[in-house]
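After the C-alpha cells below, expect a handful of questions from me.
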C-alpha cells in the first residue's frame, strides 16, 4: 500500500516535470515567423519590482511606437520579457532561456549591477548583443564589445550634480541615497567631484530601502546642519523621506534631487515644493513628449527614471536592426556601434569605443506648483 | 563510588531536594522510594549530572559531576535510564543499541570517512554484544525494527539494554518496571542481579515495593526532598516516618493510589507490599 | 536548448551540494539552520576575494570551504544550549548580519555591486564544451559530497546525530557530547555549503549581496523538505526538482500566455505552495528517510 | 533628549502592536509564526481597497474592515494550516509559516501591484514639542497604539475571554481540564493577534505609505522585539518593541567621534537594520527567555 502510494507520488512529480518540459518545447515553437523578437531580463518581482515594472512599461511604449511606425525589416517587433526576481541566478537563467530557446539576437537588462554584470558576461560569451538600460557601475565598461549602455555611468551624473550644486553656492552638503549599487556609485562620484571643486560632503547616508520610516537618517542630516541635501531615491522611499523631512521641518534646507522626476513621482506636492534637481531630458524642450506619453498610457507619472532608458534601448535596437537589414547578432552589434547620434527619450545617445553612453545632457530642474520646470542654467 | 554531599536543588521557591547526602558503594543495589513529588527523579537527575545542584556537590569516582558537561559521567561509567525513554521512530533497535556503545572510530567524522576498515571491525564487535543484550530482553527478533515503534514496555527494556552497552560502574534507573508486564518484570530483576554480579552498582527509583524488596540491599526513602530513612527494604514498613510520608493526612486503611510512569497507573497498597517483602 | 538544460543541471548540482549540506544539519542532526545561505555566501565571497587576489581556483575553493566551516563552527558555538526554534531565529539573524557586512564593507566585498569579472572555471574552453566540463566537475563534487554525507550518516557519528535530533537527553545519557556533535556537523555542513558557494561564484564569475537574501535559504530548505529530510538522495532529488521548476516556470508562462508581470509572483507563490503541500500531505518528502538495517546486511 | 524619546516612541508604535500580536499567537500556538508579519500589509491593503471602493465610508470604517480582514486571515490560516502543521512539530510549523508568508506576499503583489500606495490623509505642518518635532499623524499613531494597548491589556485582565487566554497561554492542558474550550479560545486569540498586526500595518500605511513588501522589512525587527521581550510574553512584546526602538535610535545617534575626538563619526547607516538582528543574537545567547521571564536565569 505504502509502496503504491510512493509510486503515485513519484509519477505525480514526473507529470509536473513533464508539463514543464512540454512548456519549454512549446515556448520555443510559439514564436511566430513574422515577428522579430528581442529579449529583456527585468526585476519584475523581488525588492526592485517597482523599477522592473517601470522598465517593462518603457518596453511596452517602445514596441507600440516601433510597430506603429512600420516595425523592423517589414516584420513586427516583439520583446520577450523575463523576470529575474532580482536574483543573479534567475537573471542568468532568464538570459539563457532567451538566448538558447527563444533565440533572441539582443537581450536588454537588467537593473542591478549585480545582475547586469553576470548577464552581460554571459551574453558576451554567447555573441549576443547586450544593452544595459539601468546599471551605472563602472564595471559595466569591462564586459566587452557586445555590451552597450543607454544609461550614462555614474561618473557623468556625479560630475554634473557636483557642478550644479557648487554653482548654486552650496559648500557643505549631505548625501542621501539608497544603499545599493546605484546609490553607492552615484555617491562616490558626486563626492569626488564636489570635493575636487572645493566643497565638502559632511555626511553620507546610504539608507536601506523599504523601511517604514527614515526619521533617524533625517535626524542625522539635521544634526549635520548642511547647506544642501543632495539626495536620490525611488518613488516610494523618496515619498516617505520627503514627507518625513517636511514633518521634521527639514524642507527649509535646500534639497537637490538626482533624477528629480523619480524622487518626486510619488511624493505629495507640498512636501517637495521648491526642490531643485538634475534630470535627463524628460522636462526639456525635446524630451517632454516621453513623460506625456507615459502618463497617457499608464495614467500616472513614472515611478523611476529607468523606464526612459529601457525605452531608448528598445528603440536603438530596432533602429540598428533596420540599419543592418538583418537580425543577426553580429550585424546588429556593428550597426549599433555605428549608429551615431540617436535622439532618445533621455536625450541624444552616442556610444563611445567601449559601447557606453558617451555624454548625457543633463538639465537642472525645479519643482514648482506641482510640476517640474527647467531652471536657468 | 558515587556520593552526594549536602546537595540541595530548588526551582524558584520550591525546594525539590533538600540537603541530601548519600553514598553508593560498589556492587550495591539501592532503592530510592518515596511518594510522588518527594524528589526522587530530581535526585536522579542531580546524581547523573542532568541537573546542577543549587548547593552541595556530587562526586563520582573521584571527579565532580557537573551539569555543564552532562555527557561526561556517562563516559566515566555512571549511566542512567529514563522513566519514558521516547525512543526515536526512525532508528532501528540495533542502531539505538550501537549508539549506547563507545565506538570512537565511527564517532569521529574524520575516521569514519578515512578508515572504513577500522570502523567496520569496531562495529562488528559491538553488533555481537548488542545482539547478546537484546536476546536477554527478548528483543533480538526486532533488531531491525524502528525503536520508536516498540511498545512502552519494550522501549523501557531497550533503553536499559542500550545503557548496558558500555558496562557502567553505576547505573541509575528511573522506574524500570513501570509498564513492563509482570513476567518480564521478574526476569528483569534477575537480569539486574546479573548486572550487579558483573560489577555494576545500581540505584533504582521504583514504586513497586515488591520489586524493591526482591532486589535491593538498601533503601533510601525521600519525603519533601529530604532523606527520611536509610534502611533495608523490609524495615521500611516499620518506619513510622515512611508510612506517614506515604499516607500523609489520609485516614489509615484507605488504599493509596500511586501513579507510576505517567502513562501507566497502578494501585499499590504500601502495607500489603511491605508485608510481602 | 541543450545549453539551457546543461545550465539547469549545473545549477542543480551546485544547489544539490548546498541541499546535501543542509540535509546533514537539519535532516540528520535536527538543526534548524535558517542561515544556510550565510555559509554558502562565506564560501562564495572567500573564493571571489581570493581569486581576485590572483589565487587559482583549485586553491581558492578549499580556502572558501575552510572559511565557511569556521562560520559553521561559530554559529554552532553561538547556539550552544538554545531550543531548536530559538536557534533557528538566531541563525536567520546571523545570516542577515553576514549579508549586511557583505553589503556595507565595500573595501572587501565590493559592497552592493558585488565582485564580478572573476576568472571562472575552465577559461580555455568555450560554449558547450565549457558547460560540459563545468557540469562534470560539479557533478563529481556533488557525488563526493553525497557519498560523504551518506557515509557519515551510516556510522556512529550519524547515529548520534539522529539520536540527538529525536531525543537529545537520551544521547547525553549515553555519553555523547551533543554540543560538540552540533559544532562538528555545522562545521562539516559549513564546508559543504562553502563548496557550493565557491562553485557558484566560479561558475557565474560573480557574487553579490543579493545572493545572500533569506529567500535563498528558504529555497534550499524547499529542496530538502521536498526531497525528504534525512535522506541524502532526497536532498539531491529535491535540488534538481526545485531548480528545474524555478527555471521552468517562465516557460509555462510562454505556453499559457500569462502577462510577464505576473510570472514573478507566480513563481514565488508556486515555491511556497509546493513546500506547504509537501508539509501537509507528505511530511516525509518524496524520498523519505529509510531505516538503516544494520543487522540484515551481515551474515 | 526629548527628540530621542519621541523618535523611539514613533518606532515603538511601528512595532509594538505587531509584536504583541505575534506573542499573543505564540502563547496559544507555541511556534514562531513568520507569516504573522504579513498580516500587517494585508490589513493595510484591504483597508486601502475599502477606502477606494467606498469613498464615503471614511477612514475609520476602512481601517476597521482592514483590521478584521487581517484577523480573519490569521484565524483561517491557523484553522486550516497551522493546526495541522504544528502537530508535526515546531520545525514543520516554522517552515510552513515561511511558505505561507511567501505565498501571501506573492499574492498581495499580484493583486495590488508593486507600487506603494498612500491613504488620502491631510498633511499638516509639524509641531514643536519642547524641541522635538512631530506631526499630527504621528501623534495620532502613537495615541492609537497606546489606546489599543491599554484596551487590550484591560480586556486581558478584566474579561472572561482574557482570563481564558491567559489560562491557555500558561498551561493548555490544565486550562482544558478546567473546562475551557481550548480550540475555540485559541482561534479567537489568533484572530485577535492578526487584528493587532492588521491595525499596526494600517497605522504604518497611514503615517507613511503602504508598501506590499512591508512584512519582509518588519519580520526581523518584530521578531527581535518579541524575542527580546520574551517570546509569548505579552507585556514583554511591548517592552521589547520599545527596547529595539530605543537601541536603533540611540546607536544611530551616538557620535563615536567624541571618543576619538576627530569630528562626528557615526555607525554607517547600512547597519541600522542590523541592530535588531544583533539584539536577537545577543538576547538569545545571554537571556534566551527574554527580558520578562518568570523562570529567572538559566541554571
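By letter and in written order, the chains are A, B, C and D; residue numbering begins at 1 in each of them.
The rule is simple: contacts are C-beta pairs under 8 Å (C-beta built on N, C-alpha and C of every residue); 3 or more make two chains touch, one makes a residue touch a chain.
Just so it is clear, the model here is predicted, and its values are computed rather than measured.
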Innermost chain by mean C-alpha position: C
Contact pairs, highest-scoring chain pair: A-C
Euclidean distance of C-alpha centroids - chain C vs chain D, Å: 31
Cα-centroid distance, chain B relative to chain C, in whole angstrom: 42
Where chain B and chain D are represented by their mean Cα positions, the distance between them in whole Å: 47
Per-residue overlap in chain C, given as positions that touch at least 2 other chains: 103-104, 215, 264-265, 268
Touching two or more other chains - residues of chain D: 106, 109, 268, 270, 273
Contacts with two or more other chains, residues of chain B listed in rising order: none
Interfacial residue positions of chain D with respect to chain C in the complex: 31-32, 81, 84-85, 88, 90-92, 94-96, 98-103, 105-107, 109-110, 220, 223-224, 227, 231, 268, 270-271, 273-274, 276-278, 280-281, 284-285, 288, 298
Residue numbers on chain D that touch chain A, as the complex places them: 3, 7, 10-11, 14, 106, 109, 113-116, 118, 123, 126, 128, 133-135, 138, 204, 207-209, 211, 213-214, 216-218, 248-249, 252-253, 264, 266, 268-270, 272-273
For the chain C and chain A complex, residues of the former touching the latter: 1-4, 7-8, 11, 103-104, 106, 111-114, 116-117, 126-127, 200, 204-211, 213, 215-216, 241, 244-252, 254-256, 260-261, 263-265, 267-268, 282, 286
Residues on chain C engaged by chain D in the complex (per definition of touch): 26, 30, 32, 78-79, 81-90, 92-94, 96-97, 100, 103-104, 215, 218, 221-222, 225, 262, 264-266, 268-269, 271-273, 275-276, 279-280, 283
Of chain A, residues touching chain C in the complex: 9-10, 13, 16-17, 19-24, 26-28, 30, 44-47, 49, 53, 56, 80-83, 85-90, 92-94, 96-97, 99-101, 112-115, 117-118, 121, 125-126, 137, 139, 142, 179-181, 183-185
